[in-house]
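Both complexes below contain chain A, partnered by chain B and then by chain C.
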Partner chain A sequence: MRIVEQKVLAKLVQCCLADSEIIAPVESEGRLYFQLLDPEQGLVELVWPEVGDSAPPEDPLTVNSIKEFFFPRRQELYEQRPEGIIPRTAPIEQKRLLLFARPCETRALTILDRVFLGETQDDFYKSARQNTTVVGLHCLRPDRYCFCTSLGGGPFGTEGMDLSLTPIAGERFLVTPVSEKGEALLASLSGQEAGEAEQKALEILRNNAEAAIRRRIQLPEPKTMAEYFTSEYWKEVSRACIACGICSYLCPTCHCFDIVDEGYLRLRCWDTCSSDTFTRMAAGEDHRKQKHTRYRQRIYHKFSYFKENFDTHSCVGCGRCTRHCPVKIDIVEIVNGIGGLAAGGGKP
Partner chain B sequence: MPTQIYTPYAARIEELRIETRDVKTLRLVFQDQEVGKNFSFQPGQFLELSVPGEGEATFCLVSSPKERGYVECSVKRVGLVTEAIHRLDQNALVGLRGPYGNSFPLKNMEGRDLIFVAGGIGLAALRSLIRVVLSRREDFGSIRILYGARSVADLVYREELEQWQSRKDVDTVLTVDPGGETAEWKGKIGFVPAMLEKLNPDRHSATVITCGPPIMIRYVLAALDRMGFDPQSVITTLEMKMKCGLGHCGRCNVGPLYVCKDGPVFTYAQIKEFVEQIL
Partner chain C sequence: MVTGTIAALQKTAADLLVKKTVDLVIGYGQSPLGDIVPLFIRKAEEAERLQWNRHCTYNLVRYLTDREVIGPAGVGPEDRKADAQSKDTAAGKVAVVVKGCDLKSLVVLQSESQVRRDRLTVIGLPCPGVTDKGGRLLAKCESCPPEAYNPREGLCDLVVGAPVDETGGRPVRDGSFQEIEEIDALEATERRELWDRYFSRCLRCYACRNVCPLCYCKECVFDQHDPRWVSPAAGVATNRAFHLIRAYHLAGRCVDCGECERACPVGIPLRRINRKVAKVVEESFHFQAGLDPEAKSPLVLFSSEDPEEFIE
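Coming up: the complex of A and B.
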């Protein structure tokens, strides 16, 4: 672990701009979004984390997750011309530096890896992963929607990162390498090696951050999940859903997509199981005709099927789906509700 | 380089056969001969077939893997992509990628009596397997094909049905739904599941392989339950909306299964708990 001044890090990022794309939080209309930095503008747009009394009481989180830089919202696969296929998507060859990714979403990358780098590897995703160095940022003040700790993550988690940053007073960072790529990057960051005092400070920050997360998702036993599959409960809790799909689009682990043609262009676009066309077949057959069956799919896919297939839940507790739901559907309340019903002897 | 997993091969429609008013069978030849030579598949697997500008859809391979140099798909006109395919003439180019999915467990069928139970275009999903089985006739016990459609005009693969009927070593039973018969109709009249029960197959010696409209499969499975069939010796192949064919896009997910990569062929035992959801 090394203590690195913000200006040293800034200098490195500035240097990287020459041969790398930088993905980092940028402010727009009062909210943060992960974006590619405009190389012309340099670091002007980059929003640095704040610490101390002047910092906001909750860490401002980006609206979008980092998912789209590995699995784009709309990917032009190829053009289908009479003379043949003209590729539009090349694997990412450009080096990329992803800055200030939170532990929940870097962990989400390791979950997406299980899908896109599993039995069949998606070469676009693979190259994007290989050519991106992930610099993570620990959360000092998780907000009221965060629940990463009940899903195996934490505000100081490092899964999926190459290098982790913990912001400390005096515009400095405690920098810890996580991977070989991170070691290499750290080698170009000058600073004092951290000592016992910093280790201790880090522990305190970590404990405080973890304690600040009060939300807990209580995942029912698989048996209970199975029992409640056909419950009327799903009708009740999904009634408000307007199937806008924002929960899926902002989710760092949702990976469903559509393949469609737009003229001669074949596209791969994000999609959502909330959509009433998601499983509808051409002849009208649809095994999820009712809204509650689609909402239920989202919950069971994340907390039951994905776990069965990949030994992890497809949720990292970032809270985006709840933070941004236009009708205030709360995934934690809904999942905990099953357990609540079961504990109260409620009939499935 | 494109993301190669989605890049189709160009294939030419060498032959078009009109099966019914809304079903055509396409014989497709890969433009690149090398690709054609190396392309192999197993009965039960499927393809993504695409028409530039219209989209891509999932079709089972209906030819036998032993037929080399081409593959065949049967396409029922029901939506955007299938309508576009139906508008194509002989020699038109389409895109093909695949094969995807698992295949019928031929090894487990050897020595067994086989009963194929199909409805409508569902026979397409079994045709490849039937062709293989008939080409290795001696490896199996008795073979029965029960095939039904809404009406006489909706029966597909007419020539082949006649061939099967003329074979002494295959018992082919054709049926149409009540009201779907014509004056000349010599087959049965009645729904497939009811016909199956009338045939009263031996639950110990027979393996049943079924495909058809979801409602038919559901009633066939229920009939087999009543007859005491072991769900392990009942095999079906499922149709589900799919896009990628690789278990990535999430569409065909039912329970922990992805129909595209864990299926499309399943034993009844594997899907029993999901039948209410999908059929």
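Coming up: the complex of A and C.
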């Protein structure tokens, strides 16, 4: 672990701008978005984490997750011309530096890896992962929607990171390498090696951050999930749902897509199970016409099917789905509700 | 907003359910996390969960055309085929809680024969303006005309709470479209750049459309697969097409309830698009949507008085 001043890190990022793409949080009209930094503008747009008394009471999180830089919203695959097929998507060759990704998001990358780098490998995704160095940022002040600790993560988690940063007073960071890529990056960052005092300070920060997360998702047993599949419960809890795609599109682990044609162009774009066109078949048949069946699909995919197939839940507890839901549908409340019903002897 | 109003609202809702005037009340409740959420009540004893405060931003009129909420024989237009096919038996009458702005969208639904008003009980709440999470008055409230602070008599069945007669610190709307005129004054290329910057962020999540009380089409043009009119893949060109088509479909209908802009996760100022269209409709046809349930939008009528400047 090394103590690195913000200006030293800034200098490194500035240097990287010459030959790499930098993905980092940028502010626009009061909201943060992960965005490619404009090389012309340099670090002007980059939003640095704040600590100390003047810092906001909660860590400001980006609206979008980092998944769109590995699994783009719109990905042009190829053109189907009468004369033949012309490929449009080439694997990424440029080096990329992803800055200030939160532990929940970097952990989500390891979940997406299971989908896109499993038996069938997605060339684009693979190249994006290989060429991106992930510099993570620990959370000091999680907000009330966060629940990462009950899904195996934590505000000081390092899964999926190459290098982790913990912001400390005096515009400095405690920098810890997580992977070989991270070691290499750290070698180019000058700073004092951290001593026992810093280790202790880090421990306190970590304990405080973990204690600040009060939400717990209690995952029901697979058997209970199966029993409640046909329950009226789903109608009740999804009644207010407006069936938009915010929860899926902002989710760092949702990865469903559609293949569509735009003229000669064939492309892959995000799709969401909450949409009533998601399961529509060629002849017009649709087996998830009602919104409660679609909302249920989202929950079962995350907490039942994905677990069966990939041995992990496809949720990292970032809380984006609830934070940005236009009618504040609460995934934690709904999942915990199944267990509550079962414990109370409720009829499935 | 005094607690007296909440108590009166809860009592009103409980009475409606006890007397079987309605079998569903749509109002505001509070989630365990403390957020305001839409609340659907079918039992009188649940009425104590009803809430009313300055975070009650949602336009609940949206749910009146949602068959999965109101049931097949609810307040929506008669659809015998769907009614007969449906296994739900929750046929019934509905009460809905509205603010002045929400009421306007109900008026449009009435004028378009989308609700059976005789099966509906409208509970109006005088509104001092609603705020965002940070306690800031929503922009739509800043441009709300004072006559809409209180739900209009004759359009509501019941009004709960004392009328709001002060501005409550709100700037009184002068009926101007200043923010629209500022955009109009830009060069065409600047306008395009401005909007493309916003549209490039659009995720095509359709929250703006799905939260809109007036987007009630059973099958939206953007959901049609054969033919696929507009590609569902987010991209500046397709996003531009989506937002412009939606604006046209709301021409002469949008009442500026502001729900689209509130729901948008990426901060696209959607009200400005709809207000631009409202401005054109107002200037061309001297018509404002949402004031009279008997009035038809000028875009579905023909009059020999209509301006025809575009025909040379």
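Throughout what follows, the second predicted complex is superposed on the first by the 348 of 348 C-alpha atoms of A that agree within 3 Å, B and C clash if a C-alpha of one lies under 4 Å from a C-alpha of the other, contacts with A are read in each partner's own complex, and residues count from 1 in each chain.
Simple rule for what comes next: contacts are C-beta pairs under 8 Å (C-beta built on N, C-alpha and C of every residue); 3 or more make two chains touch, one makes a residue touch a chain.
Bear in mind that the values here come from a model prediction, so they are computed numbers and not experimental data.
Undergrad: Judging by the criteria at the top, classify the pair chain B and chain C on chain A as clash or fit.
TA: fit
Undergrad: Between chain B (first) and chain C (second), which, if any, makes contact with A:Asn208: first, second, both or neither?
TA: neither
Undergrad: After lining up the shared chain so the two structures overlap, which partner does A:Val260 touch, if you call chain B first and chain C second: first, second, both or neither?
TA: In the superposed model, A:Val260 contacts both chain B and chain C.
Undergrad: By the touch definition at the top of the document, which applies to A:Arg280: first (chain B), second (chain C), both, or neither?
TA: Both partners.
Undergrad: Identify the partner contact of A:Gln199: answer first if only chain B is touched, second if only chain C is, both if each is, neither if none is.
TA: In the superposition, A:Gln199 touches no partner, neither chain B nor chain C.
Undergrad: What is the contact status of A:His301 with respect to chain B (first) and chain C (second): first, second, both, or neither?
TA: first
Undergrad: Go through the superposed model and pick first if A:Gln14 touches only chain B, second if only chain C, both, or neither.
TA: neither
Undergrad: Have a look at where A:Asp271 lands relative to chain B and chain C in the superposition and call it first, second, both or neither.
TA: In the superposed model, A:Asp271 contacts both chain B and chain C.
Undergrad: Can A:Phe124 be said to touch chain B (first), chain C (second), both, or neither?
TA: Only chain B; A:Phe124 stays clear of chain C.
Undergrad: First (chain B), second (chain C), both or neither: which does A:Arg74 touch?
TA: A:Arg74 contacts chain C only, not chain B.
Undergrad: Please provide the least distance in Å between a C-alpha atom of chain B and a C-alpha atom of chain C in the combined superposition.
TA: 5
Undergrad: Please identify the positions on chain A that touch both chain B and chain C, taking each partner from its own complex.
TA: After superposing on chain A, chain A residues 258, 260-261, 271, 280 contact both chain B and chain C.
Undergrad: Would you mind writing out the residues of chain A in touch with chain C in their complex?
TA: Per the touch definition, chain A meets chain C at residues 28-31, 33, 63-64, 73-74, 144-145, 235, 239-240, 242-246, 248-250, 258, 260-262, 267, 269-272, 275-277, 280, 290-292, 322, 324, 326-330, 333.
Undergrad: What does chain A use to touch chain B in their complex?
TA: 75, 77-78, 80-82, 84-85, 87-91, 115-116, 118-124, 230, 255-261, 263-264, 266, 268, 271, 273, 278-283, 285, 287, 293, 297, 301, 304-305, 308-309
Undergrad: With touch defined as at the start, can you tell me which chain C residues reach chain A in the complex?
TA: My answer: residues 31-38, 40, 58, 62-63, 68-69, 201, 203-207, 209-211, 223, 225, 228, 231-235, 238, 259, 262-263, 265-267.
Undergrad: For the complex, give me every residue of chain B touching chain A.
TA: 1-8, 10, 50, 52-57, 76, 78-82, 93, 95, 213-214, 239-241, 243-244, 246-251, 253-256, 261, 276-279
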